[in-house]
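What follows is a group of structures, each given as structure tokens.
Look for chain A in each of the two complexes below; its partner is chain B in the first and chain C in the second.
The block that comes next holds the complex of A and B.
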């Protein structure tokens, strides 16, 4: 009910079919505009393919090209045939398979922790609304203004010498999973989404005798699938991309994720195998992106946040 | 030119008023209707807040406080910490590497603005005139999902300074180069910025695209009725409508690039001759670069100085652009 006017407006504004948009029919009737636009679109598409995707295509090509060919003729296409062995060598000899698995374990744990923290906190702050909700929201928002670098050293010291528990968490995946949950942005996103859910449904559920836990699992969570998708996609991607923190807290090579191992692999193996390892490590994000494009492309618009 | 603006802003105002009305109507009773759920069940509320309080307490609020304490202490994790006042801060300021790092970081941020700020905007405006832009936005966003380590190491291969390096080969086709890229003090930093722009521009494009679809069609129609061509519409409708987003992306980009770490760390380790030593790399070197034990005091002091600078910078920036962003 409440979300309706907003939804209708958004649809009308973004639907190119019923409005004119920047380029009107009258503009299109002018040949100069049509040609100019056509040229601009072609140039943009060519630029996106060559500059945006070109490096990735080159990586795909070189992952299955013999090292010598890549070194001497980097831009020619298979002058002496393909070398599929690069991929198998990377997977087995360089242990990419193991690091790949580590990356997945780290990503899933971080994702789970973020989802649990964000949904429960968002539910409490938006639906249950205790009197101190404002104070907690304020404390959450202040963490958004603290750059991550400020936390790096104290967090590291905390992991090495944790207070209360006298046991170092170095080389434990908990050292990555748990701090990943402390994302104020996720909580804010969830709270805002829950704020827009129709209260009438909650009231109806309460009249039917639904307690807060039932309300959370049977009503609020199923209604939040879109936002859960966005948060999940970005949690998994961020974990897959992370480098510095796992580098610091995982010193055992057998536990490190791919991103941490790649610089070492580069120093120890021939170029072809190394490029194959790199290709394998960006395969999952690329395939995930192609499948869940919608959630990916909705995220930055929601967040307005960019990393330099 | 002058005739378009009053009409456009009048349309904007009436439209704004129309939009605000239902929102204001619906939000007021909603706020009043909000009881705690169910009234008085404080314990289950606390149970829902517990994961967040525990995680944020341990990994966000406590470390923030700890940073301030550590910056005033001398710690090596073995002996008990001693209070040293502002000695860590003066150590950092008197470090000969400090001005170099600040200069390089500022240069990186500035170059990133020059390379990376106009391109996503132009790309997004052109893209917004495409009817089926799905493929465009997907292509633009693809580099963003590549793990940064892969992006950096891949570009490191491209930047091979020999004449058979990838970039040198391509530039050789049109008779340029070979260039030293990462190996020269002059070209190392711009090379880093180039890769960083490639890796991050796609996210900005998507933000602009979202903002562009929110520009109301009525403004464009009004401008068309007033006889504005395509350029005038871009200049007098699109860009003014985007200025709020443009200002935000600029400050966010500056905050982001001021904290650049991965590129200098993996590309050059700060070399050649400290030409790519950034503030974050210096913090890392203080804390983790020395195998004999880190200087955590200096590292936290420098990170607090950076955070303080960014906070002051953002405040001044928002104050200075306030009248411009919301007129």
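The block that comes next holds the complex of A and C.
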């Protein structure tokens, strides 16, 4: 009676894609190994959940807990009921909605700048390959060795006195969008991905009649969805949580994002409402990741294009 | 369709490698020309230069009488089939087939009609909405072929299109390509390293080695009148036996003697035959015939003999070759002696 499910389990385990790893089926049949492995897995999983999800769950709980309860019983689960009003107060009184919108505008602008620069630069260096492509790639790589903090002052000077434009970008979102676009890491990442796309497909497209622009939009970009996802995640998360640079270049409170406003309003805001505001600010990255994780993490999807 | 002409075409890479050296040949309208040779002989480079994917270091290529050295791939009006299919993975079969037409501004109705026609010709009608990853290897290669024929170009360029298919599918697709080419009568350059493919498909074959053209001719010409030792041993399976002429008892130190395995006869031949005695090393039984690996002194030879009488390893036997079937090659140059007048110099010593 139980032979079938056991057999099925055994077959599943024999599939290397299941990732059973170093422990063989024969080892797994031994009670000691099975018990030890199961215990280790459980402890590891529990530890990871407590470390990774615990703070987020506590924040979610505290966002709808009265301030007094959070202070007196921080680990209790709603001893005097939930305070849903924290969320509405955070949205209306603390004006989280406006900062939330600012954050979205900044993140989308930064993301767009980074995607445009990274894909076009990567395409030029990897696919079009101008004469000095290797030199340029090398120079880009060297900039990765310069700590970001070192560039803070020169970058600020550039934003205050930008070349050609002669108009300060301070208190303008361009002050965040433009420097975000100049990401050598993204360009290198994109170049390496494009390097691994099959050249024959580009050549077939050129013979079919593609010019460089059409090759970029109709062939290279659609084949690059996984790396676009990765760069998008990096870009959006970095922009969402960036604190120092927006603090320096956005002096007008009405234009500042959540990451800058939340620490500023902490002193004059009730703890429960403040925690609710923090929870709202965390929601977008978490939900975004949960929705798009599958498309971000899957393979390049080139199967069938070429015979490997 | 268009004639294609190479005029002293040379390709030298930046590292100094001379991939193609002064290649001159003409391919007629509607002709099926095969470039064949071992890896690194420059056959693919020559094809890519016609496609416009490689620059030309020296010389000129003409397609339909137009010099195309500085013409972009798009404007050369050629279609190429790649060894690795090179299908667009994010497009369906129909989109793959119609992409070239779309880029050339054809209207949607015309694109749909030609895609349907190509799909019907290649038995792909049921797969038009599928992505390449959902197709088998043979189907993918047919899509690659369809992408070429749907554009109705002036020439097809095929770079080892069958090398990724299994043996049975290769034979089947080979016949399909031939049928298609004959029906469309489109000038075709076909690159392969497989001499069987070259012999069975080409109207003419160009044999290349280290960037230089060794010989160009019909399959029969290459087989019966090879220009040099390389062509003689490259074309034909098993390849031609080439030994110093004195080994066969021919009084001539200046030449090598070449003969095909199927020309070897068991036993002493007639007066016109060259005779020799050799030891049997290995016998490969093929059902209808036997491949006998011989050793003449320290030189290995191969004979293709009728299955009876059966020979056995270790035996020593007398063999004969009709003098007219022996081709002499210069020891130093490797060039055939007066191609076409075979065996005229033979002077048996005994």
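Criterion: the second predicted complex is superposed on the first by the 267 of 308 C-alpha atoms of A that agree within 3 Å, B and C clash if a C-alpha of one lies under 4 Å from a C-alpha of the other, contacts with A are read in each partner's own complex, and residues count from 1 in each chain.
The working rule: contacts are C-beta pairs under 8 Å (C-beta built on N, C-alpha and C of every residue); 3 or more make two chains touch, one makes a residue touch a chain.
All values reported here derive from a predicted model rather than from experimental measurement.
Undergrad: Using the superposition on chain A described above, determine whether A:223 touches chain B (first), chain C (second), both, or neither.
TA: second
Undergrad: For A:214, select first, second, both or neither according to whether it touches chain B, chain C, the two together, or no partner.
TA: Only chain C is touched by A:214; chain B is not.
Undergrad: Check whether A:160 is in contact with chain B, with chain C, with both or with neither, and answer first, second, both or neither.
TA: first
Undergrad: In the superposed arrangement, does A:50 touch chain B (first), chain C (second), both or neither?
TA: neither
Undergrad: Could you tell me if A:135 is touching chain B, chain C, both of them or neither one (first, second, both, neither)?
TA: neither
Undergrad: Could you say whether A:124 touches chain B, chain C, both of them, or neither, answering first, second, both or neither?
TA: In the superposition, A:124 touches chain B alone.
Undergrad: Which partner reaches more residues of chain A, chain B or chain C?
TA: Counting residues of chain A touched by each partner, the higher count goes to B.
Undergrad: After superposition on the shared chain, which partner residues are touched by A:206: those of chain B (first), chain C (second), both, or neither?
TA: It touches chain B and chain C both.
Undergrad: Now for A:144: first (chain B), second (chain C), both, or neither, which partner does it touch?
TA: In the superposition, A:144 touches no partner, neither chain B nor chain C.
Undergrad: Do any residues of chain A touch both chain B and chain C, and if so, which are they?
TA: 206, 211, 301, 304-308
Undergrad: Looking at the complex, which residues from chain B come into contact with chain A?
TA: 19, 22-23, 26, 30, 33-38, 41-42, 44-46, 48-53, 55-56, 58-64, 66-67, 70, 75, 77, 109, 112, 123, 125-131, 134-143, 145-151, 153-155, 157-158, 160, 164-166, 169-170, 196, 198, 200, 202-204, 206-207, 209-217, 220-221, 224, 229-230, 233-234, 237-238, 245, 248-249, 252-262, 266, 280, 283-284, 287-288, 294, 296, 299-300, 303-304, 306-307, 310-311
Undergrad: Spell out the part of chain A that touches chain C in their complex, as residue ranges.
TA: 198, 200-201, 203-211, 214, 218-219, 222-223, 301-308
Undergrad: Write out the stretch or stretches of chain C touching chain A in their complex.
TA: By the definition above, chain C touches chain A via 51-53, 72-74, 78-80, 82-90, 99-100, 103-104, 131-135, 137, 140, 147, 151, 164.
Undergrad: How about chain A: which of its residues touch chain B in the complex?
TA: Residues 2, 5-6, 9-10, 13-14, 16, 19-24, 26-27, 33, 36-37, 40-41, 44-45, 47-49, 51-53, 55-56, 58-59, 71-75, 113, 116-118, 120-121, 123-125, 127-131, 136, 139-140, 143, 145-158, 160-161, 178-179, 181-182, 184, 187, 199, 202, 206, 211-213, 215-216, 237, 240-241, 243-244, 248, 258-260, 262-263, 266, 271, 275, 278, 281-282, 285-286, 288-290, 293, 296-297, 300-301, 304-308.
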